[in-house]
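Each of the next two complexes has subunit A plus one more chain, namely subunit B in the first and subunit C in the second.
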Partner chain A sequence: MIKVPELQQVKLYAGKLSDLERVMEYLRQRFNGATFMGYKLQNSMPVFGEINSLSDMPIRVSDIQRPGYYELIAGYRFRLSYASPKWYLLPPEHSILKVSPDYEFVDSTNNSLANKVVMFGIKSCDLNAIAVLDAILIGKHPIYTKKRSSVIAIIIEECLEPAETCFCSITGTGPTVLKGYDLAYARLDEDTVIFKAGSTLGEEIIKATGLREAVQEQVKSYYNAVERAMSIMSTRLPHLEEIQKALRRNVINEKLWKTLSEKCTGCGNCNYVCPTCFCVEIVDRVEESYTTRTALWTACCTYTYGLVAGGHFRRDLYMRYRHFILHKFLFYPKQTGGLLGCVGCGRCTTWCPLGLDLKETLVKVVEEVR
Partner chain B sequence: MTLTKLENPFTFKRALVVNVVKEAPDTNTYIIKLNETYTANPGQFNMIYVYGLGEIPISLSNLPEHRGTYTLVNHTIRIVGAVTRAVMLHVGAGSQVGVRGPYGNGWPMREIEGRDIVIVAGGIGMAPLRPVIKYIENNRERYGRVNILYGARNPELLLYKYELNKYTVIPNTKLLLSSDIPAEGWLHYVGFVTDLINYVDVDLKNAIALVCGPEIMMKVAIKNLLKKGFKNEDIFISMERRMRCGIGVCGTCQFGHYFICKDGPVFRYSDIEEYFWVEGI
Partner chain C sequence: MIRVLVAKLTSCSGCLNEVIYALTHSDIRAKYNVTYFTEVLNVDKISNAELAFIEGSITTKHQEEFLKNLRSQVEFLIALGTCALMGGVQSLRLEGNIEDVKKTIYPEPRYIDILSEVKPVDSVVKVDFAIPGCPINGDALVSFLRKYALGGLPVAIYETVCSECKRKNIPCIIVTQKSPCLGPITISGCGALCPQFGRGCYGCYGLKFFDITREKINALLDRLVELKVDEGNLKAILLAYSFKLYSKLKESRC
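What follows is the complex of A and B.
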């Protein structure tokens, strides 16, 4: 968990929403031709995609999230959409190879990819999710590697109020960022924005846009808000170590997993919206003179996960739901050199059509051993 | 961040099928010509691609054979799904396929030098173990006694029938065959191949076991090997799962925290014991 004193070593700057616009403008000039990717409103619904200006972004809305429920209202506390930076870095469907019937490669690279991308306004949980995907995919997955290396700057928006489904302080992935970003900002109120630099580029932006150092009052209310956010989330779940210990002890508790997955329909929504889920199927899309080897997101909760021609390795739904949970909390750390696969964003809960609450599952697992 | 340009790991080598050997009613061995010097360890696998249909992970069922500028590799394939059916029905001598690999770790041939070896193979599980036998034959002085236990549901389903008897000519090698059911003319053991573990001829203090077959058969094999006195860390098994990439990025072959494709397919039993008995993990 991030400790507030650690944060206080960072110099804070204060500005208005218009300053955020100037930051974007500065980056546009600094990285001529770069594509800006972030949360934006499209037909009044938040998605993740290309941003042209601040007015594309969900800056005048707040999201209400509950298990199986999402709504936007007027406000300035936008947390996240179902889509995350994964939509850009590892799109739902991506071509990995084009092959002719003679087994010749028609064209093995996708040149239409943007070569310079600024991630603008992504969240602390998103940043941590990218680190997880990096650990699994970078240098191995050709599309991910190419897209990831196109990211030249990362601007983070910190959440000062968690949604009901959030628990990033438990997973140690938010709400504030400590490293791995260039510039971070947080909205203290409707118009006041607090900035901090995380790299030399960040410092350069602050200097170039002439942001003033935050006054003591602002610094205080920023830290108060962070602390409040963390304490709200800390009541939602036991400590991570306790969760992991309980999971380890219940791996073989078939009865428990059957109970926990009772509400699960195996639709895979949780996997698709999860910013760290990376599993893909590879299928052939055959056209007249060539076939496209295409990677499609797949989901461990769906029936085909573990299915092979000769049988099924995860026949029952509880086995697949269990894999989803164990993978996030026990297996990812072993696969990534220590990173948790869950970043506490709560998307799996918000977009579960039956409102199956990940937090509730974890609490029940812990209660089982108490 | 800086990255060196990544070559697309999904590109494959074009390969020509030069011969097909009928092994069993639903199983053939394909001898494939790769125009390069290709090497692989016993127990590794290739991804075999059939145009328009997809790729399947298939073990090498023999040591790669170098012939000047090209290499011959063997893949024994049984019909189980769409791609294997397509291979069986449409791929013959003269056909092309795509091949990429080798992938996976393979059997620990170096580590097991000097040890007595028990090979336990069930059905198609013999395919990834056949290169082990060939490798030992080529390097006989490096290994101790060898016991080959091989069984199938019925004698007709045994693979490599044309050469099984030759294994008994390898010095210090015992071959025990089994058929689950009695069959006319079958003079070997009737029952499960795992029963034959009782009859192995090894120095238990210095013995290791290599096991491959259906998962249920491997479970019984492990129980019997442990009962016989083998240690957890001296049993190796080769596993399978749904597998799409072979390089640890598609995620579909996960078994506990392992990716079968890159951390396996061969595992030391003591490393996977915590998962092995958990159904559906």
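What follows is the complex of A and C.
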């Protein structure tokens, strides 16, 4: 878990929303021609995509998130869209191979690449999710590797108030950032923005935009808000070690997993919205002029997952639901060198059409042990 | 050239139109020779062929015999669309007495010689391959024809409509708009046609034939009721739902 004293070593700067606009402007000039990506409003729904100005971003809305429920209201506490940076880094559908009728191979990993990308306003949980994807895919997945290397700057927005479905303090992935970013900002209130630098680029931005150091009172209320956010989330789940221990003990508790997945229909929404889920299925599309081998996101909760020629590894739905949870909390660390597969963003809970709550599942697993 | 028969039973010909569109591709025309297709050819006799496409459900005795004959003439039979696979919209009449149903439409109902039931194609003959949908997805048919000509078959991928929404960047309409949508229990393949226009899925591709039990259907319906989805809308959507598995739905709360 992130400790507040650790944070206090970072120098804070204060500004207004207009300063955030200036930061964006500065970056635009600094990286001429770069594409800005982040959460943005499209048909009044937040998605992940290209941002042209601050007004594209959900800066004047707050999201209400509950299991299976999402609503936007007027405000300044936007947490998350269902879409994460994964939509850019590992697109839902990407061609991995093209073959012409005379069996000539065409490298298809080159197309649809933005040359330079600035991630702007992404949240701490999503930054951590990128680190998880990096650990698994960099150097192994050519498209991810290329797209990831196109990201030249990362600007983080820290949440000072968690949504009902959030639990990033439990997974140690938020709400504040310590590393892996260039500049981070948090909205103290509707117009006051606190900035901090995470790299030399961040320091350069602060210097160039002439941001002033935050006054004592602002610093205090920033840390208070962070602490409050963490304490709200800390009551939502037991400690991570306890969760992992309980999961390990209950791997073969068939009855428990059947009960926990009672309402699950195997639709896979949790997987698709999860910022760290990276599984794809391969489809060959035969066209008149060439055939494309395409990778499509798949979901471990759907029936396709584990289906192989001659059989099925996880025929029953409860086995797939269990795999989803166990993979996030027990298996990812083995794949990533220690990083947890869950970043506590709560998307799987908000975007489950049946309203299954991951937190509830974890609490029940822990209770089973107690 | 691969010889093909295209036939229909009780249906609207919407899926057959997709067959016609598929035949507009020159590479497909170069590989297939359609020898029976009442919509486009002046041929009324069925002869031996490698492939046959069948659209529609069985509602008369005559159709049953026609279908059996068709099956005996071909090596590989492909059922096209919701009617052939699940009965289709005409299954709605199963709710009432057949004589009453006839009376509501025809002035002389005694001339109408139909079965009291609506049978999907596979209840009478063996089906080798199925392309679901109302109508079917034309791309899926084109893909089938191209792969079959190369000596292969498309790999069936069992997912839900939700997977197509997410891959197309469509925010869930249950979660954001409380729309009655049956996407979470319906098989994928349509490309999320309805949700991308803000309308709930009414399940034309059919209930997933794996994972889904009565309890799962009830869980989704309970959730929709909890979200205060308009009950009239919900009922309408369920009435129009897939029909082969209609009994499964009937046992649930609707």
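Throughout what follows, the second predicted complex is superposed on the first by the 365 of 370 C-alpha atoms of A that agree within 3 Å, B and C clash if a C-alpha of one lies under 4 Å from a C-alpha of the other, contacts with A are read in each partner's own complex, and residues count from 1 in each chain.
The rule is short, and it goes like this: a residue touches a chain if its C-beta (ideal position, glycine included) is under 8 Å from a C-beta of that chain, and two chains touch if they have at least 3 such contacts.
The structure presented is a predicted model; accordingly, all values stated were derived computationally and were not measured.
S.K.: After the match on subunit A, would you call subunit B and subunit C a fit or a clash?
M.R.: fit
S.K.: Taking the superposition on A as described, I'd like to know which of subunit B and subunit C A:278 touches: first, second, both or neither.
M.R.: In the superposition, A:278 contacts subunit B only.
S.K.: Using the touch definition from the top, say if A:334 reaches subunit B (first), subunit C (second), both or neither.
M.R.: It touches subunit B, and subunit C stays clear.
S.K.: Looking at subunit A, does subunit B or subunit C touch a larger number of its residues?
M.R.: B
S.K.: Does subunit B (first) or subunit C (second) touch A:306, or do both, or does neither?
M.R.: The answer is first: A:306 touches subunit B but not subunit C.
S.K.: Considering only touches as defined above, state whether A:105 meets subunit B (first), subunit C (second), both or neither.
M.R.: Only subunit B; A:105 stays clear of subunit C.
S.K.: Name the contact category of A:93: first (subunit B only), second (subunit C only), both, or neither.
M.R.: Once the two structures are laid over each other on A, A:93 reaches subunit C alone.
S.K.: Could you tell me if A:298 is touching subunit B, subunit C, both of them or neither one (first, second, both, neither)?
M.R.: both
S.K.: After lining up the shared chain so the two structures overlap, which partner does A:141 touch, if you call subunit B first and subunit C second: first, second, both or neither?
M.R.: In the superposed model, A:141 contacts subunit B only, not subunit C.
S.K.: Report for A:319: first if it touches subunit B alone, second if subunit C alone, otherwise both or neither.
M.R.: first
S.K.: Which holds for A:210: it touches subunit B only (first), subunit C only (second), both, or neither?
M.R.: neither
S.K.: How far apart, in Å, are the nearest Cα atoms of subunit B and subunit C after the overlay?
M.R.: Comparing every C-alpha of subunit B with every C-alpha of subunit C, the smallest gap is 5 Å.
S.K.: Please identify the positions on subunit A that touch both subunit B and subunit C, taking each partner from its own complex.
M.R.: 281, 283-284, 286, 298, 307.
S.K.: Using the touch rule from the top, collect the residues of subunit A that touch subunit C in their complex.
M.R.: Within the complex, subunit A touches subunit C at residues 45, 47, 68-71, 82-83, 87, 92-93, 262-269, 272-273, 281, 283-288, 296-299, 302-304, 307, 317, 350-351, 353-355.
S.K.: Name, in rising order, each residue of subunit C that touches subunit A in their complex.
M.R.: 25-27, 143, 146-147, 150, 155, 157-160, 162-163, 166-169, 171-172, 174-176, 181, 183-185, 208, 210-212, 215-216, 219-220, 223, 226-227
S.K.: Of all residues in subunit A, which touch subunit B in the complex?
M.R.: Where subunit A meets subunit B, its residues are 96-97, 99, 101-105, 108-109, 136-142, 144-146, 148-149, 151, 251-252, 254, 278-284, 286, 291, 293, 295, 298, 300, 305-310, 313-316, 318-320, 322-323, 326-327, 330-332, 334-335.
S.K.: Inside the complex, what are the residues of subunit B that reach subunit A?
M.R.: Against subunit A, subunit B makes touches at 1-3, 6-12, 14, 49, 51-55, 80-82, 84, 96-98, 240-242, 244-245, 247-252, 254, 256-257, 259, 274, 277-281.
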